[in-house]
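Okay, got some structures for you below.
Next, two complexes with chain A in common: one pairs it with chain B, the other with chain C.
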Partner chain A sequence: MLKVLRVELMKLQWWLVGLLIVAGPGVSVLLDARPDQETGVDAWQIAWGQVTVQYAWLFYPLLAGVLAALLCRPEHMGGGWKQLLALPVSRSNVYLAKYVVLAGVLAATNLAFGGIFVLTGLATGLGEGIPFSTIGLSLLAGLVAVLPLAAVQLWVSSRWKSFGASLALNVCFTLPAIFAAQSSEYGPWYPWAQPVLAMSPFAGGLGGDSVLNVSPMTLWVVIVGGFVVAMIGGLVTFVRADFAG
Partner chain B sequence: MSGAVSATRAAAPAAGRASTLALVHADWRRMRGTWLLPLTVLGPLGVTLLGVVLFLLRGEYMVGSFISGEKTGWQVVIDQIDMVHVFAIALGAALIASMIVDVEHRSDTWKQMFGLPVSRARSYAVKFAWGAGLLAVSSALMAVGYAGIMVWQDLGPLPWGNLARVAWMPWVAVLPLFALQLLLSALMKNQALPLAVGIIAPMFGMVMSEIPAWLPWRLVSEAMTVAVGGAGAVGPGETLSGLSPTQIAAASGAWVLVFVTVGAVVLARREIR
Partner chain C sequence: MKDLVVQTAGLTKRYGKRNVVNGLDLRVEREQIYGFLGLNGAGKTTTIRMLMGLIRPTSGSARLFGHPIPAERMKVMRRVGALVESPSYYAHLSGRDNLRVVATLLDVSAKRVSEVLEIVRLTADAGRKAGDYSLGMKQRLGIATALLGSPELVVLDEPTNGLDPAGIHEIRDLIRSMPREHGISVLVSSHLLAEIDQMATTVGVIHGGRLLFQGPIEDLRARSHGHVRIEVDRPEAAIAIAEGFPLTRDDSDGGLLLDSTLPGDAARLVRTLVGGGVAVYRVEERQRTLEEIFLELTGEGAAA
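Take a look at the complex of A and B:
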């Protein structure tokens, strides 16, 4: 397993991944950056609420799809699947290794996002009182919420050669999140709305008991349940697939 | 192989070049089997269905403001969907750009295509024209979708002027974005970077920040603001830059000219391996 993981890490185009995980979060933070008159804890909270909406609504879920397609690219080029799977490695390990790398890069993206936000906040003079606990919890919750979506994307990317096709599917699921997230009735049930609900203090507005910024029901049923379904579906499809090309 | 290719190309002009029409036909044959055509129809259909779902969920509340006379029927329809429309057309432009050249990348047909007596610049321009055409069909269908929702919900007489504007203005405004995406997608074999650039676009639409309105990413939401009829698209406290339709069209034309020229020139000079 570890060897397969190491190979995946070697195959990854780090310059490209590095560019994506810095540029995307960078743009989302900088677009909203303006020298504010307000300083202190409240100003930090408001700024965090604004940038997370931009970042987590569409960009973060869509990035998960682009990265999943990127991870499967070496194998889709010129019959790579056949070569890789002919080696004495188990198919499920190959798939799991790809998923672990995907989750790791998504975690790094969130870390970069948090880091860029704090630096930009300091540079634009938000002053003292960085709400590290809010930011930290929100980053972790966003990562957990995006994991099932990443599993779905790896599922389709492992079968589809085209970046465009898997991104088109991703867009179809992610665009409705704009409405789902606003609805207190349907929001908690729609998997693609979870990253923004979990990350943005503006979107959730959840009072009482919440785990990782979403209700326990959403966490266990929608996020964990969705993750299990997508992961098993992806694994079964991958293990049984016939890689002809 | 490469020697043979350049020999063919050198001999080509004398034999007469493929007509533009033939290039248009060739691209049609290539894209028939892909997801491009379904996507062109499914995009507007999806956004319209989203509108239908919205009306089913909170239709009473939304139609209420029409019955009370607070809003026109057009405002009721466009109020919720305009943002999705902007994101969908911007993401659609990136997707179409990627898929239209991915055919060549994946089967390595750049080399074969340019080995033939075909003008590289012209075949690039034809690809741009095809994409622009598909986006135009999408935009027109979107207007049909809006009209459909208005008839279904009985929201008064159809506002032909608004429907026409919502069909053509976001389309004109998205062309620079499409031209830029086509440039990136054609130059890079790996579509991860062009598509990543494409998915950043919605973030520009979400904020009314200080980025100049004539930049490709902002133009689409500017055009939508005009198409909607002003105030509807703007939340409280946000300011409109107020580009006129003529200014939007001019900015769009200028960007398209720049991006398509750059793409055609770079492609024509690049060594294809």
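Take a look at the complex of A and C:
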């Protein structure tokens, strides 16, 4: 498993991943940066609430899909599946290694997002009282919430050769998330709405008070359940697949 | 009991209503160079993919070194090196890094990476991105990858595709040296008979998913019972006069073909023709080429 993981890291297009990790959160934060705000803990909380909505609703789920497609692209493009899977490596390890790298990069993205937010906040004069625990908890919740849809995206990307097709599917599912997130009825059931529900103190979840009356319990059951279903589904599909392309 | 490196029994792959591979019984012995011959679309690559565990047979079984595939794939794939269809490569990585990726999975040293680069003459271009390689260089990289783990069985699917004549010669020599110098068994596929003829010791001819012939290449040649070709002034009259002889028109050039090479038959036929007033210009024995035998086997060349 470790060898397969090392190989995944060797194959990753680091410059592209690095660019996405820094540029995405950077844009999300800077779009919401307002230098004329008040200072102090409340100002930090409000600013965090604002930046997370855009980031967790749009950018973060989209990135999960882009990264999943990027991780499978080398194999799809150069006929890599037939070479890789004819080697003495187990298919499930190949799939799991890709997922681990995907989750790792998504975690790094959240760290970059938090870092850029804090730096931008200081630069725009939010001053003292950085709410580290709120931010930390929110970032962690966001990562956990993105894992099921990352599993769905890896499932799709491992089967679909077309980068564009899996990206289009991702966009189609991500955009409605903003509406789903506002519905206390459907929000918790929609995988692409989970990151924003979990991350934003305005939307509820672990990161703050729940304003949508979404029970955190339901949220986590849906997330964990969704993750298990998507992961097993993707894994079984991958292990059983014919690699004839 | 011969040592079988590859063995399939009734191996079948069905796509929709078509059996792309149909009841194949392949037998590749140790240190053999087995030429897997068939036209494009005959089922060669599908068979090889099933041997590698990349696709599952619809029915029948495949074994490598006696282990069932895909069930015990993990146990034997360390002993197998394969180039399946078009060469696989990571376009954004250099040739050397491509090999390093596989070397990591096979626990192979950096020294071995350099060795295989040298074997396929890619050392000078090892630092370039594989995506910028020519088709021939990609093919060499694929062969290097197949050799990387010092396998006991090498499976090469159309290995000379895209190579220039000098490259084809080199790869052919390399393949021929494998059993002799390294005790490697080789399964090599091609749609070119001449190529198989120059490399293989045993041939399997596949057509429409079925194995039409399997055995030593000499046996395939032995099927080449010859004809005697006769040129006369009046072919129509000749056939009428030579009633009772196995004589037919050769549609391609207007000559006559006697389906026998017994000296007595030819002599009697010539006597009969001359006696009947037909002028005999030329009598010659004609061996069928392997190409013609292949075409006849595959039913693609009725005229031959």
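Convention: the second predicted complex is superposed on the first by the 229 of 245 C-alpha atoms of A that agree within 3 Å, B and C clash if a C-alpha of one lies under 4 Å from a C-alpha of the other, contacts with A are read in each partner's own complex, and residues count from 1 in each chain.
By our rule, contacts are C-beta pairs under 8 Å (C-beta built on N, C-alpha and C of every residue); 3 or more make two chains touch, one makes a residue touch a chain.
Bear in mind that the values here come from a model prediction, so they are computed numbers and not experimental data.
In the superposed pair of complexes, A:Gly125 makes contact with neither chain B nor chain C. By the touch criterion defined above, A:Ile178 lies against chain B but remains apart from chain C after alignment on the C-alpha atoms of chain A. In the superposed model, A:Val27 makes contact with chain B only, not with chain C. By the touch criterion defined above, A:Gly40 reaches neither chain B nor chain C. Judged by the touch definition given at the top, the superposed model places A:Gly136 against neither chain B nor chain C.
In the superposed pair of complexes, A:Asp242 makes contact with chain C only, with no contact to chain B. In the superposition on chain A, A:Leu58 makes contact with chain B only, while chain C stays out of contact range.
By the touch criterion defined above, A:Val4 lies against chain C but remains apart from chain B after alignment on the C-alpha atoms of chain A.
Taken together, the two complexes place residues 13 of chain A in contact with chain B and also with chain C.
Against chain B, in their complex, chain A makes its touches with residues 13, 16, 19-20, 23-24, 27-28, 31-32, 34, 50, 53-55, 57-59, 62-63, 66-67, 69-70, 73, 161-165, 167-168, 171-172, 175-176, 178-179, 183, 186. On the chain C side of its complex with chain A, the touching residues are 46, 49, 52-56, 73-74, 77-78, 80, 82, 84-93, 97, 100-102, 104-107, 130-131, 145. If you check the complex, the residues on chain B that touch chain A are 35, 39, 42, 46-47, 50, 53-54, 57, 80, 83-84, 87-88, 91, 95, 98-99, 102, 106, 190-193, 195-196, 199-200, 202-204, 206-207, 209-211. By the touch criterion given at the top, residues 3-4, 6-7, 10-11, 13, 74, 77-90, 240, 242-244 of chain A touch chain C in their complex.
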